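Each chain carries a letter (A, B, C, D and E) given by its place in the written order, and its residues are counted from 1.
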Amino acid sequence: MSVSDLTPLSAPGGSTVRAVHDEFHGDLLEVSMGPHHPSTHGVFRMIVTLDGETIVKLKPVFGYLHRNHEKLGENTTYLASMPYTDRLDYLNSMTNNWAYAVAVEKLAGLAVPERAEYVRVILAELTRLLNHSCLAGFLMQDCGCSGTPLMYAFREREKILDLFESLSGSRMMCNYQRFGGCRVDPSADWLAGAQRLTDGYGAFLDEFEALLTGNEILMARTQGVGRLSSALAISAGVTGPALRATGVAHDLRKVDGYGVYPRFDFRVPLGDHGDTYDRYMIRILEMRESLKILSQALAGLPGGPIMDPKAKLRGFRPKAGEAYGRIEGPKGEIGFYLISDGSANPYRYRVRPPSFINLTILEDMCLGRTVADAVIILGSVDIVLGEVDR
Amino acid sequence: MMIPALLLIAFVILASAGVAMVLRNLIHSALLLVLSWTGIAAFYLWAGAEFVAFAQILVYAGGISMVVLFAVLLTRPARDAELPVTPPTVLRIAAGLMASAMVGSITVMAVLTSHLVAPASARAPGLTVKDLGALLAGPHAAALLLVGVILTVALLGAIIIAAPEPAPRPEDQP
Amino acid sequence: MIAVAPTSDRFLEVAPLQLRDWFIGLLPQSLRWITSGLITVVAILAVFGLLFAYLTLAERKILGRVQNRPGPNRTGWFGLLQPFADGVKALTKEDVVPRDADQVLHYLAPVVLVALSLLGFAVLPFGRHLVPVELDAAVLYFFAAGAATELAVFMAGWASRNKYSLLAAMRALAQLISYELPLLLSFVPVVMLAGTLSTTEIVTAQGGWTGGWIPHWYVLTPWGFAGFVIFMIAALAESNRSPFDLPEAESELIAGHLTEYSGFKYALFFMAEYFGMCALSGMAVTLFLGGWQAPCAWLEFIPSYAWFAGKLLVLLLGFMWIRATLPRLRMDQLTRLAWKFLVPLALINLGTAAFWSLTAGWTGPLQLVRWAVALALVVTPFVVMGRRLTAGVAPRTYRYAAS
Amino acid sequence: MLGTGLIKGLAVTAKNLVGSYHDPARYTTLEYPEVKPKLPEAYRNFPFLVTENATDPMGTLRCVACQICEKECPPQCIYIEKSKDKKPDAAGKPQIYPAVFAIDTSVCMSCQICVEVCPFDAIKMDQEYEIATTDRFGALLLNREQLAKPNSYYHQIHPTEAVEVDARLAEERRAAEEKAKAAAAAKSAPKSAAPAPKPPAAPSAEAPKPPPAA
Amino acid sequence: MSALQLCLLLSSGLFCIGLTVALTRSNAILVLLGVELMLNAANLNFIAFWRFGGGSASAGVVFVLFSIAVAAAEAAIGLALVIAVYRHQRNIRLQEATRLKG
């Protein structure tokens, strides 16, 4: 494709839109939906090549939020990386912490007391509720209703964040898990607050579904849009609700059975079409399953220490070796791969970011669709730029 | 009170039509013609035929102006197609002006010499919409239906003519 | 020449007119006609100008309240000065005109748009005696003024000399034109039943109450309700409101045909949109909701213009309510809804209205048969076409993994 | 039927519109400048140094400049310089004190790891969030004097935690005095009586190293 | 010089302008618009005679309505032809539109 001049699109002073001639399709329109476009979730850019109305080529461009997270991890102690994991997927700091803690515990062979495992499950499921309701809110924002579902989702999210704040001290940057347990033991009234939230959340979900799921305009806008086949999803390494929407039954909580998940009975919803509507519905159904897990975990929470007494806080030097710990985060399988050379700093510190990997197939879903659909498909893939760029 | 209003409306119609004729920029001339059509509608209002005036605005300013502007946009000649016009423009303009001047003088002479003694200050015959409707449905019912058929056939034909055949793409070529 | 205020009616009904006549009385005879016209124009501009200002505030407040937040309440008492703050902001913002834009058209487009959307108010009967202009073909005049606004949208798109805002203007025009037809077709049954094009006669035709309680408004008849719904959907599309606000949707390439406008011209476009919305809902009130008719006999003491204002506000709140809830339609779905759903329904509605007027004479049990047939004629095409329109779209049931 | 989904949606928004007027659950806005948010007790913002009493802040700093927090801080935003001389601390033992103790609040991300690793409970997390300044450099680097806050303030913002810390410190101080008395008694005892063996229960000699804070 | 004669003068003036546009301009669209102007001039006459001819000549108004409708149809067909011609020869100069083939 002969591009008239090779200056990158929307370079300073360049136009955000450029006409391009392509020998197969004739006159095309190359549009840069720039890093500050209102409907991209954070600093993310798509160079979309349009033949009239339909998308011919879509090149995602990111890296604007790269903070050198992994190289930093190699130069600080294991403990010092923990607060940085909050900044990976800044919506779900609890699950990031847990994934890193699981990896280090596997590396150093630490045991985690029973109560800490239960508290970790409770916090992970609360984060899943928070993330999925935010996703549905942002998706509706892209579809065009002026922020109403997003505000309802944020109203519920605030309640969960207040719980996290009263437990860990900060709403989004919790820095709560430690290697071998959790930092603070949840008090009785905190658990009562969590119970109240779980009981009230069902009513919110019913109201949310009444507003959205049956909405004809929404169904027309999302059904059949951004269809993803299970074969492509598996080969591209897509994980999480996007994979389950294509019908593949792969949920780490069932596959690995890590933590105390095998003790709870919950189901894993699966979609058949793998389009945007399925991805939205799978998240709504997963929220209902999380409520079940939460009530069971809150009921069965045992007593005992929150932190393994033998766990050392400072001067933590795991023996040389490598480990890969992974959990089922709200966006998919979030994993940490660590190589230790016996010193206080990890030799290699690698994060497996689910939203980055789910993003690789964005073009396959958007080909042949209009720009308005591309925006919704991007919204349904649920990416957070902190995790994509690391 | 009647005559100065008529002069003003006449001036608007003739001025905008004349300027539209002279302008190079196609869009401006099309828009000026729309102005002259609205002037004609004002004339109908002056004459007391409200229904016709609003029909004129609805059909011309609402519909035909859109079709004209779309046509003007769709047929933008490529910038580099300034071919020399075969019969030189000056000659052609002169011939056109001469012909229309002749026709004009004949009609004007006919109007001035005719001894149409029209009651100058006759009240405008009050034609309400109901009588118009009765007229249309009564003696002119056949004509109304015919115009309906003409309109549908004409628009269907227009769509077929204007619809672009799918441009043959190079990869389809044998 | 001026209709002297009738003295027969109650004081409140006639008060505005008597005020005007007293004022005109002070002037010499030659100026009387001009000043009475001017007073009407000033009254309309003042009322609807203020209504526009407070509609923007009401919109943001309602949107806020729906989203569990207060909406603007910092400027002035309860945010009442917010519209004036916005006005000052719009006035002081720099008015950027692109260098190679078509200066004349670029300036003219918002002016023409506001002027045309204001023309619509001339024929709306605000009260029993408060009709700005008594026109025989009033409804036709209203839709002629409405149809001309497309020209202004084209001028705005073309004058900014920016290829992609022209593209967006074309898209907006396609939307306006494709919803012109359902708008016009939905008011034809009203004209057919009322037998006249003049708005005042349409409102008087809807007067009277059966049993003092049920008004004879057209919206309470099956074909009237269908016509009202079609009219409102088309009015939503005509004024670029919520489910159809495609031109300035953020998922567009550029911000629609308004990209090259800023400062007060940009505010003018919004003023035109709100005037258009008020005019269309005013016409909906006149055609279907019985204009200034009171809903029941004993409520007659409330002045007629209060009833008109009340119904108008209810419709405007409905516009905002819809804006706060519904997502946007895609361009092809939008035009498909117009051509494949609204136009056929409006045509069938014509048939129902014809049936209704022919069977006006039926009494007693035949009345029920008449209602049943009319309802059937309205509901069945709606359901059949609705199912065809949403063929592939339905809420789905989901299976669970077998682990 | 076609419109039912839309009507249900409209009903939900109507419920919220009406609800926002009478149901507090549906009106969540906190009008900030007039209504201050109620902070949970565990809330943490930038750290501060605890002093025993408010009268002589620099004299009674708990911090002994052991620089553990400086090493452990992930973004390395703490800077400490030890003092040359020693000063008696609350238990009367001469201790080094920090001549310079600066935290660069533009770097600090208030992750409270310094609080966790500090063996002397000398640094705790503050709850002051209205700390905006116009100067980007100087004002954001808080020195020792700005950081020091009395223990009473600590009780005010973290009541339960403060009580635990005070109880533990008091218990340690008592153990230290007991040991000091035992050591003194042991020294005076051999002069008066036959040299008795050193009392078996002498705890470890140098500064008491309490287990890290839970 | 009665009002009726003024109206007739106006419509003949408009007719001449329409004729000159149709004859002199080389752009097909403007020729069509010229024809449109001529049609409107005719309508002007109808209404003028209806206005000044007492109540009897009401057929004029009906005729004007029909003429507006037919003019709309004619405009649509004309512009469709123009677009078809444009698609073949990339510009709409009447001089070159000579071939009937294609």
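Here, contacts are C-beta pairs under 8 Å (C-beta built on N, C-alpha and C of every residue); 3 or more make two chains touch, one makes a residue touch a chain.
No experiment lies behind these values; they were computed from the predicted model shown.
J.: Would you kindly count the fewest steps from chain B to chain D, each step being a jump to a chain that touches the current one?
T.: 2
J.: Spell out the chains that contact chain A while also contacting chain D.
T.: C
J.: Relative to the centroid of every protein C-alpha atom displayed, which chain's own C-alpha centroid is closest?
T.: Checking distances from each chain centre to the full centroid gives C.
J.: Could you find the chain whose CA centre sits the greatest distance from that of chain E?
T.: Farthest by centroid: D.
J.: Look at all chain centres (mean of CA atoms) and spot the one farthest from the centre of chain B.
T.: Most remote chain from chain B, centroid-wise, comes out as D.
J.: Between chain B and chain C, what's the gap in Å when you average each chain's C-alpha atoms?
T.: 30
J.: Taking each chain's centre as its mean C-alpha position, how far apart are chain A and chain E in Å?
T.: Taking the mean C-alpha position of each chain, the two centres sit 66 Å apart.
J.: At what distance in angstrom does the C-alpha mean of chain B lie from that of chain A?
T.: So the centroids are 63 Å from each other.
J.: Chain B to chain E: how many Å between their CA centres?
T.: Each chain's C-alpha centroid was found; their separation is 5 Å.
J.: Two or more other chains touching the same residue: where does that happen in chain E?
T.: There are none in chain E.
J.: Mind pulling the residue numbers of chain A that touch at least two other chains?
T.: 148, 152, 155, 211, 213-219
J.: Would you give the residues of chain D that are in contact with at least 2 other chains, written as numbers and ranges?
T.: Residue numbers touching two or more other chains: 2-3, 5-6, 9, 12-13, 16, 28.
J.: Give every residue of chain D touching chain C within the complex, in rising order.
T.: For chain D paired with chain C, touching residues are 1-3, 5-6, 9-10, 12-14, 16-17, 19-21, 26-29, 31.
J.: Which positions of chain A touch chain C when the two form their complex?
T.: Residue positions touching the partner: 17, 29, 31, 37-39, 53, 140, 142-148, 151-152, 155, 211, 213-221, 223-224, 249, 251, 254, 267-273, 277-278, 281-282, 285, 370-373, 375-376.
J.: Hey, which residues of chain E end up touching chain B in the complex?
T.: Residues 2-10, 12-21, 23-27, 29-30, 32-34, 36-37, 40, 43-44, 47-48, 50-55, 58-59, 61-62, 64-66, 68-77, 79-84, 86-87, 90-93, 95.
J.: Flag every residue of chain D that touches chain A in the complex, lowest number first.
T.: The touching residues are 2-6, 8-9, 11-13, 15-16, 28, 40-44, 68, 72-74, 109-113, 116-117, 125, 212, 214.
J.: List the residues on chain C that touch chain A in their complex, please.
T.: Touch list, chain C to chain A: 63, 66-69, 164, 242-243, 245, 249-254, 323-331, 333, 390, 392-396, 398-403.
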